[in-house]
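What follows is a single structure, written as structure tokens, with notes after it.
Labels for the chains are A, B, C and D, by order of writing; each one numbers its residues from 1.
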Amino acid sequence: MRRLWRSVLFLGRDSRLRAWLKPWTDSLNTFSKGHQSLSVVLGMAVVTTVLPFIILFPPFAGFATQGDWVQGFASAGIFVLLALGLNVVVGLAGLLDLGYAAFFAIGAYSYAYGASPFAGTHFPFWPLLLVGAMVAALFGILLGAPTLRLRGDYLAIVTLGFGEIVPVVFRNADTYTNGTNGISGMYRPALPVTGTFLGLNPVPYYITVAVLVALAMVFLYRIQDSRLGRAWMAVREDELAAASMGINTVTTKLLAFAIGASTAGLAGVFYASKVTIISPDSFGFTVSFTILAMVVLGGMGNVWGVAAGAFVVYEIQSELLKQMNGFVEHLNLPPINLGVTTIDLAKVDFLQYQFLLYGLALVGMMLLRPEGLFPNRRRRAELHDVDDAEAANQELVEA
Amino acid sequence: MDVGTLTQQLVNALTLGAIYALIALGYTMVYGIIELINFAHGDVFMVGSFVSLWLLADFFGLRGPINNPAELVGVLVVAFVFSMVVMGLVGVVIERFAYRPLRNAPRLAPLITAIGVSFILQNIIQIWRGPAQLNSPQLINVQAGFRVGSAEVHWISVFVIAIAVGLIIGLHLFISRTRMGRAMRSTALDREAAQLMGVDINTTIAVTFFIGSALAGAAGVVQGLYYGYTFFTIGFQGGLKAFTAAVLGGIGNTTGAALGGFTIGFIEVFASQAGYANWSEAIVFSILILVLVFRPTGLLGQPTAERG
Amino acid sequence: MKPRPLAFVAVVALVASACGSSSSTTGPQVVKIGVELPLSGGEAPNGGPTLNGIQLAINQIQVPGYTVQLNTQDDAVNGVNNPDQGAKNIGTLVSDSQVFAVVGPFNSAVAKAEIPVSNEAGLIQCSPANTNSTLTLGDPAKALRQAHPDQIAYVRVVANDDFQGLADAIIAYKDLGKKSMYIVDDQTTYGKYLADVVQAQFTKMGGKVVKRDGAGANVSDYTSLLTAAKALSPDVVFYGGVTSTGGGVLRKQMVANGMGDLPFVGGDGISDGAASVASSFLNIAGDQGDLNTWMTTAGAHDIPDRATLAAAYQAAFGKELGAYSAAAYACTQVYLEALKAVGPDRAKVRAYVTDTTHTFNTVLGPISFDANGDINQEIISYFQFDPSTKDWKFVRQNDPTKA
Amino acid sequence: MSDSPVTPVLRTVGLTKQFGGLIAVRDVDFEVPEGSISSLIGPNGAGKTTLFNVIAGLFDPTSGYIEFMGRRVVARPERSWLEPVLWMTGPAVLGASAYGAAVAGLSALVVEFLLFAALIVLIGVLILASVRPTWYVDGLVRLGVFKSARPNDMVAAGIGRTFQNIRLFANMTATENVLVGMHDQLRQNPLDAVLQTRRQKREESEARREAARWLRYVSLRGHDDDLARNLPYGDQRRLEIARALASKPKLLLLDEPTAGMNPSETEAMMQLFARIKSELGLTILLIEHDMRVVMGISDRVTVLDHGEKIAEGAPAEVRADTRVIEAYLGKGAI
């Protein structure tokens, strides 16, 4: 059964497809090993170019038009950024953060203060990206400094608390945040060539977010292979031994927090500039959870995996489940006769079952593939026992 | 604030705290034994309130207070037993299918299934009873009570506090006095060692889930009796607060969970009294963060010795 | 077992054929009205009846030469209305070339994300439910129309909260003659704004607000708030919010805490049917809580032919008319009239609808829109609970600024 | 001991460690002379590993202190509540004066300035508290907040260690394990990593070369890219030593380095220790049960029993000590 699912997900090591692709993947691997940043940029470029065309074909074309898809991809990019940032905290440093949306909110409000009629300011978008990231990082440090000494689960609840506090503050500090109304009419980004971005044309946003994601990925890959990245891994593996090897665990974790938060800040700024309205209700617990689910489903610790996980979950949530009704009607399936009752799928309102399907997807995914869709090799080794670990080792040697 | 209002608020705080404590116990028990933050627990409480709603309103056809004491006691006993057993079984089923297969997976995997289960439970209830608040029969007349000075204490409050305290004491006795309780404690301390000593781990964990979920079921009945309504989203916020209570008290510690529940009840009530109801979550969580920063194991938690 | 690639291919083929077969054009031209409402999760009771109103209108009214269909988009993500999703949905509707006008959104926060997009595209939106004043008035509204400041593309058929709040204050101060008020809002954009207006107007009239609390959807225990408020002895309570965030529960707990005798006033958020309707405000508040309650709705109750509309609605959907079904019906009527007059050209429809000189015949009566997109008949309807029918009883309707 | 021929690298003074009611280490004074191989022996439960952990900064001593290279080591909070209180006082004073200024009717500029200052001080102190530069720690020691060091401070001071039950980073490769050991030696910062500065690239490649050198030094060949968990037991021990050596310690703490090894492996290990001493000039302190190792390579032996030091001296002296024999074989043995 397990084997079957692995093949279905066509990512298992035993699939024939994989064997067939091996020569190509091998040479790709060698290339990416030597030119990591370049290969990330190239990879993102390929993905960014190909995505808008893939969706011209069925079954994707059945859901929505190309414009809608690209619009959705631009929003999905926000979540990819968020997942990449959370991956640093959860996947690399092994800290459970349940209030990650707070930093997203902080980034978004930073943009609102920098470029909205409410604040009466209009700074350009690009430097504000940096400002938002820095403000979020600062709050990450402020939260982390006193709390990172706590044991894992206590840290989780502290972050959860922080995630609840931030929207409450934004909601109630009316004078500064316009309260529940939120801040609207944010100015859109502008570039010398294209002029101000338009709400109707998702392409500039899409490209911008792709560039941001590519940058974030390059940076994260580089950090992962540095002193700090190794320290994160060591702290995750064995905090005590890590400390005994000279790693200041608190500073190391704090940096994970700060870098994770700054990525969320970046995403927040972009989000605010795209949606042009932010309100405290957009940054609740559900958002934190969704991002966490994206990271875990994608495969903690693996940059590409997490990005893919975020993308897939976002598309399921906001495209597939939403368009399910129309899609099933299109299929023209005959009613299913169960004897006692007949189920006509075309008449079922799938919107009603959205949560149920999402929940089942989460549970099923975890039961069948707890290491995520695209697991980090090390992480998979932790999960499966010796034989798999040896295989993983083998892969490492080959790579 | 006059003495009457103060007394009244104390009673309110105790009542609210009692409900939080009941839910918090389930969190803390499950965490104590398998170190899983069972995010679906809040929704078990929510489903419990719907199960008791079904029993009382649809099955018994009750609408309002019952005035005959004997009948009232009879119905209440049936309601509590039914809801607790049903929810206990639901808890066991959830454990069996969503958590047990992942017992050796990384810690985050069962957390995600917990979130998934939470979504599933909410959606099932939403499909079953619709996405709106529903009236729940208040069997005990909520206006009946007695006066303490200038304060009005309602019998329902006394009842809720008594139920919670009774169940907490019962649970405490169960854990400290019975064989199963000992098995639970030893499993919590060291699962492998317990297994070697002949403890059946699967049964022990299942029993833990049964008891924790049954307590949430009891809290669900209380929700209906005390507030007179239920809603498919109450599990989420109630669960969050209860979880906070469990951590505040020292997670894994049942007495601590009760203490944490009452503490949060007090904080919320007095935040409301002071006119900061809209800030109450921020206040609760700020206090939580401060407590954890200065006393990292919670109020009653034992510091865990690190093994070098 | 082995994976079955054939099944996958079959599905793909099926989809492909399904897509191919749907594009045949003969007979009347197919045009679409976009619908942008929250339809799933906890939002379903809001969006559902509104969508039904639109459906009913296009079923009943034929425009010669055109087949009018709907392109329906849901802006709820994880069961809660979501501005980002709303903006995306408007993008989707804009890119559907058959869509010539949009009915929606339902929530003001979503509207704030959508107005800039529809304004940019010149695609007209008509909201049957947005009452937040800042959507059409003042600097905040200007900020939403940055693309074409002089070409509004958003109108609404309900009066804004400034009018409704004034009407609620009038009920408390003038009708009931109460002087000290306790206000609870539900921490939503709608509830808080309405409560703010009531607080300001009540104070202006000479009343006193003794306490003001905010308690969101997550609050299920109002006991402590009520205990604190009781000590200040208010003589009227106003609730700014909707039933699902706690209106009925608040009233119910007022009864339990001995405050059931106080009159209770609310906005259109608690206008959701008779006591017999499950989950309505009156149902949750309970028999003793129903008494002494007053409520207002934005828009005229005495519409020319309410009974016929309600009957048709009942026949089509088996339910009572929703709070915004008639308004959604009216929005659709406006569009169908524009379609008949100028055809399905977006720019022409937009210009036709926003032309302040045009008057539209709708179920709400003859209406027109002012330069900001607000409806000309800013009528508020006043209701009071009627113990004999266990339902809201219509008292009167007027423009509260002129009353 | 005052009559040590060489200056001590490490000296504990009245060191006591208590866990609840159990006193694991009681009032131990001992010294490790520079350039020596010293052993710590004693029956099971004598408190050897506890003493190690206190020296390595894992536990605070209940009383007493440690001197390393003639300097008392401190960095861990003694009155942990005091540090946050200190964080808060500055901002609180500023905040209160801002409030006072507002009440006194001073200009809004003054009030805002004070509030802003309070915020900046708070942020500054929090950052200091998490980064903890030496001067901040020194200040805290003066105020009585801090006591002993954290493990990473001890590594920075020059103490490397291995663990009794191997604690490698199991899912990292051998090279990566050693690179983690070099953590304190590397000077790159995250910005270097992000921008891939020339410094970063040079340092990384040098570090990798050095890591390979350390692996070969402990005779681990051809396993550089193997995951630590997949190495054979003896190699894991060696890898742990390589990892400890990579931090360039002056004193190396080895906790039962030959446990579970056969005689020939043990022999190889002993040779390694001798090389470390002679070639690298390190001082070694080891816990050992195998008396052949202890007697074969130690310059000095300290015996613990029930947390107390019962004998100390050259191997031969200790072997003859009656209390030691008693401790090992029981009272009746004499």
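Quick note on the criterion: a contact is a pair of C-beta atoms (placed from the backbone, for glycine too) under 8 Å apart; a residue touches a chain by one contact, two chains touch by 3 or more.
Because the structure is predicted, anything quoted here is derived from the model rather than measured.
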item: Co-neighbours of chain C and chain B - touch as defined; value: A
item: Label of the chain whose CA centroid is most distant from the centroid of chain A; value: D
item: Inter-centroid spacing, chain C versus chain A (mean Cα positions, whole Å); value: 34
item: Rounded Å distance, chain C centre to chain D centre (Cα mean); value: 66
item: Centre distance in Å when chain B and chain D are each reduced to the mean of their C-alpha atoms; value: 45
item: Shared-contact residues (touching 2 or more other chains) in chain D; value: 58, 84, 163
item: Touching two or more other chains - residue numbers and ranges from chain B; value: 126, 236, 278, 281, 293, 306, 308
item: Overlap residues in chain A, where contacts from two or more other chains coincide; value: 146, 171-172, 240, 352, 354-355, 358, 379, 382
item: Complex contact set, residues of chain B against chain A; value: 31, 35, 37, 98, 101-102, 105-113, 115-120, 122-124, 126-127, 236, 240, 243-244, 247, 251, 278-279, 281-282, 284-286, 288-289, 292-293, 296-298, 304, 306, 308
item: Complex interface listing, chain C residues touching chain A; value: 1-3, 11-12, 14-16, 18-19, 22, 39-41, 44, 73-74, 77-80, 82-85, 87-88, 91-92, 94-96, 109, 112-113, 116-117, 120-121, 132, 134, 139-140, 142-144, 146-147, 187-189, 192-193, 214
item: Parts of chain A lying in touch with chain D, wherever the complex brings them together; value: 37, 138, 141-142, 144-146, 148, 219, 222-223, 225-231, 233-234, 237-238, 240-251, 254-255, 259, 378-379, 381-382, 389-390, 392-393, 396-397
item: Residues on chain C engaged by chain B in the complex (per definition of touch); value: 41-45, 79, 187, 211-221, 223-225, 227-228, 230-231, 243-244, 248-249, 252-253, 255-256, 258, 278-279, 283-284, 286
item: Chain A partner contacts - residues on chain D that touch it in the complex; value: 56-58, 84, 123, 126-127, 129-132, 150-152, 155-156, 161, 163, 167-173, 176, 179-181, 183-184, 186, 188, 190, 192-194, 196, 200, 204, 225-227, 229-230, 243-244, 247
